[in-house]
Amino acid sequence: MTIESRKAQSTLQKKLFKIIFMADTTAGRIFDIFLLLFILASVVIVMMESVQSLQGKYANIFNVFEWTFTGLFTIEYLLRIWCSPQPRKYIFSFYGVIDLLCIIPTYIEFLVGGGHFLISIRILRLLRIFRIFKLVPFLHESRFLIVALQRSRRKIAVFFFFIMLMTVVLGSIMYVIESGHNSGFTSIPVSIYWAVVTLTTVGYGDIAPVTPLGQAFSAVIMIMGYAIIAVPTGIVTVEMNNIRTSTDVSARECPACQRKIADVDAIFCKYCGSHL
Amino acid sequence: MTIESRKAQSTLQKKLFKIIFMADTTAGRIFDIFLLLFILASVVIVMMESVQSLQGKYANIFNVFEWTFTGLFTIEYLLRIWCSPQPRKYIFSFYGVIDLLCIIPTYIEFLVGGGHFLISIRILRLLRIFRIFKLVPFLHESRFLIVALQRSRRKIAVFFFFIMLMTVVLGSIMYVIESGHNSGFTSIPVSIYWAVVTLTTVGYGDIAPVTPLGQAFSAVIMIMGYAIIAVPTGIVTVEMNNIRTSTDVSARECPACQRKIADVDAIFCKYCGSHL
Amino acid sequence: MTIESRKAQSTLQKKLFKIIFMADTTAGRIFDIFLLLFILASVVIVMMESVQSLQGKYANIFNVFEWTFTGLFTIEYLLRIWCSPQPRKYIFSFYGVIDLLCIIPTYIEFLVGGGHFLISIRILRLLRIFRIFKLVPFLHESRFLIVALQRSRRKIAVFFFFIMLMTVVLGSIMYVIESGHNSGFTSIPVSIYWAVVTLTTVGYGDIAPVTPLGQAFSAVIMIMGYAIIAVPTGIVTVEMNNIRTSTDVSARECPACQRKIADVDAIFCKYCGSHL
Amino acid sequence: MTIESRKAQSTLQKKLFKIIFMADTTAGRIFDIFLLLFILASVVIVMMESVQSLQGKYANIFNVFEWTFTGLFTIEYLLRIWCSPQPRKYIFSFYGVIDLLCIIPTYIEFLVGGGHFLISIRILRLLRIFRIFKLVPFLHESRFLIVALQRSRRKIAVFFFFIMLMTVVLGSIMYVIESGHNSGFTSIPVSIYWAVVTLTTVGYGDIAPVTPLGQAFSAVIMIMGYAIIAVPTGIVTVEMNNIRTSTDVSARECPACQRKIADVDAIFCKYCGSHL
């Protein structure tokens, strides 16, 4: 292989890298949009395949589509490996693994077969959308939400911990009350499942109390759940409020030190003490 | 046609325009109130028609009512066209189309027939209520709510996008877990429907997990949904709070120090003490 | 009747009035507490009467209790009329009517009979509890909540108006989609009922979509309902926040004019302008 | 018993006390972690025992585990009594009672037997987790939540009181409307149970209105419940917000003007400009 060809290749790699991994060039943007469309289309196909009636009629068409998408994604995957500066790093990165998981099932199924478990893995192709998120014009909003959730992360965790303890205890109590009179509460785990269904106000009704005591007790659980929902809401609201105020529009610059002052009513710069 | 008559007509048009399209005259207000009553009445009739038992007994009466309302709305529609300065503009305006959609079905049904699809279109008459909204004394409040929702528009959109991705992924996972053991999870789309029903804490129970793993997994989904509801609530609350504080009508500037005073009852600037 | 006796009577009336209508005397408080107990007891009896099994066994006991309570409440009612300065005003006051409604049913039933409709009216005795509310140590909190709800009254009303329009329109659309394929959506009113059940995330499941289109559409409704719940929450939260800040603990008195200043950062009294 | 041995013992007691009751030593922390694991394991066993299929196969294994845990907890209990400075105080303390309740059932069942009521009591072992909470790194967050709930305690209580009155009245009304046409609304208590299920938007669907009037009325209840949920949410959110702003750790007083400065990064008082 001559030096020229090698140089040519490396430049080609660089070009491809820009197109495939970034979105700041027109080519890159177009590539991402097509990728997005292919991902969505392939996901839709996976869904339709799972519908018996459709699968019966259009099995072949689905197959064709499936193989086309798999082919395209395989090429894309190989190109990504080829043009990325550190192929190994890419392969073992989160998206590298996802990319692989999105193409392997089709091959395995072809060779070994393996029912709808494999088919469904391909739904994970949906996760690839996030990679194209750099396109999205809502980046600011999504960051806002993510930051808000990150900040309330620990409080929410504590909340979940309490909820879990509660559901275990409440479920067990209901098991004691209902089991024997009710075909639904067959075991403590099932009763805990019921407690979650009730406390979160989902209320399938697949399992419901029948004894007066059980109904009274679950009424209490419901009202508790009805009030408890206030906790995560409060946490997130407060955090969002803090973000909002910390990045306030009314922030002005100190004439002396140019630092941003968020307080509407500050008379003196809180950093350098000069009069605003 | 003499000039006089033409003038007379044009003046009549102007008068009618004022009455039909505006609400600042007594006549206009009365017209709107009657229109409101007719709309509500016609909607009630459409509803009652859909009830088999009533339809059986009172079909004729309903017919009479239906034709009366259609007649009145037709006349109104023609008058609107006639008296509006730019008839074409009106006809193709949102309300123009709605007004047409509200009378056409009855005629089509009479000529062609077409079952309850046509009948139900007439429910859209309800949308005409919004035109009369200029009457409503709650205009300020509704504007407040609309502004709040508009401001949180983009964040809510992102939230919905995430919810959709989640439901697709969660639904597919549940499909893998439950299908085969559960007659409910027949396909991925149905499982996604279930995921929405569960995540939003609606919980019909028409489809419910039966496998221990499925129940455990859906318990997790429920608690997630229970916490996720905090996000839109937080968004809207924060926005409302901002409107409340930012667009405080009573906010004025201190003549001496130019600082904004939000307090309705302030007589002196709370910062520099000068009289407002 | 001598003047003495008349005077004696009037003084007795005054005493009784103080005891029965007010709670600032020990006697008054004791009276109220007993009244509270009797009300609760009589309500419990009414509930137990409605339970077939109990009614079968203890019909007589219930009867005795019922008549005792009716007797006591009748005496109380007559005393209230007798000792109130303007009997007529009391009789036609809200509580006067309630008091009458709480005793009449038993008599009517005895004379005419009239099944559980009459029996259940007696549950209204519960409303009498509010009269004794002046006792409750939570008066401040309840006032807080009531004020918050009153302030958000108009906004909530608008919100309800929109919800109603939405449910009517959404319900009708679902009727068009589902009726024919689904035994549940028999008429538009029923579909509207379903729309409310779904939008409020109650989700009984007594009526549930079966067509793919119907399920897709109701998924959208659910997510809407899931986000819409943010609106009343936001409204109430903001109002509560305003009350909280306006009646702030950090409020100090202006040394000059003694008016309460809620602003933490006020430098000059906003009423009289004197330095704080 | 010689003085030496007595001394030795007392020192041993002190050591043990440090290890068992506190978590500030490495030994203490290790002890707590093991205790945590044993508690969780024993709870899992209790749950699995309640599952018929598992109980059938692994009854013996469960028995062995159960007795091991009971043994260990018994030893722990005795040690706690022995090494605590005031044994009596410990025995009758909350945790002392819990500790006893966690071991007794196994013995009673062995001697007397008593079905899954006794078995389930052992779930209370879960409550022992809270004792080990001093370990948890989320202590700050949980305190935040607890304080928020404590502060809104009274308001929430009033809210619950109103909810209870509402459910009783609404349930009774529904009983009058539905009973006779609906096999679900058998009695007022059951109707109240239904009212709670509906108002809290749980909506099992085990009992659902069938009469048009009943459905209309419950639609109203649902929308009410949908709006009422705003109340606890508002309460908690506001309280959290107050904690957030009031107990800002970094709040200090300006030496010159004594005003509270909440900003962590303030170098100069924003009111009087003097150095902090």
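Every chain is named by a letter (A, B, C and D) in the order it is written, and numbering of its residues begins at 1.
Here is the rule we use: a residue touches a chain if its C-beta (ideal position, glycine included) is under 8 Å from a C-beta of that chain, and two chains touch if they have at least 3 such contacts.
Being a predicted model, the structure only gives us computed values, none of them experimental.
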Using the touch definition from the top, list the chains contacting both subunit A and subunit D.
B, C
Look at both sides of the subunit A and subunit B contact and report whether the same residue positions are involved, with over half shared, or different ones.
different
Matching over half of the contact pairs by residue number, can you pick out the copy of the C-D interface from A-C, B-D or A-D?
A-D
Longest centre-to-centre distance from subunit D, chain (CA-based)
B
Could you work out how far the Cα centre of subunit B sits from that of subunit C, in whole Å?
30
Counting in whole Å, what is the centre-to-centre distance of subunit A and subunit C, each centre being its mean C-alpha position?
43
Separation of subunit A from subunit B, taking each centre as the mean of its C-alpha atoms, in whole Å
30
Shared interface positions of subunit C, touching two or more other chains
159, 189, 192, 201-205, 229, 233-235, 237, 241, 265, 267
Subunit A to subunit C touching residues, read off their complex
201-205, 233, 237, 265
Touch list for subunit B against partner subunit C, complex:
43, 46-47, 50-52, 116-117, 120, 123-124, 126-127, 129, 138, 141-142, 144-145, 148-149, 156, 159-160, 163, 167, 189-190, 192-193, 196-197, 199-206, 229, 232-237, 239-241, 244, 261, 263, 265-275
Applying the document's contact rule, which stretches of subunit B touch subunit A when the two form their complex?
154-155, 157-159, 161-162, 165, 168-169, 172-173, 175-176, 179, 186-189, 192, 198, 201-205, 208, 212, 215-216, 218-219, 222-223, 225-227, 229-231, 233-235, 237-238, 241-242, 259-260, 271
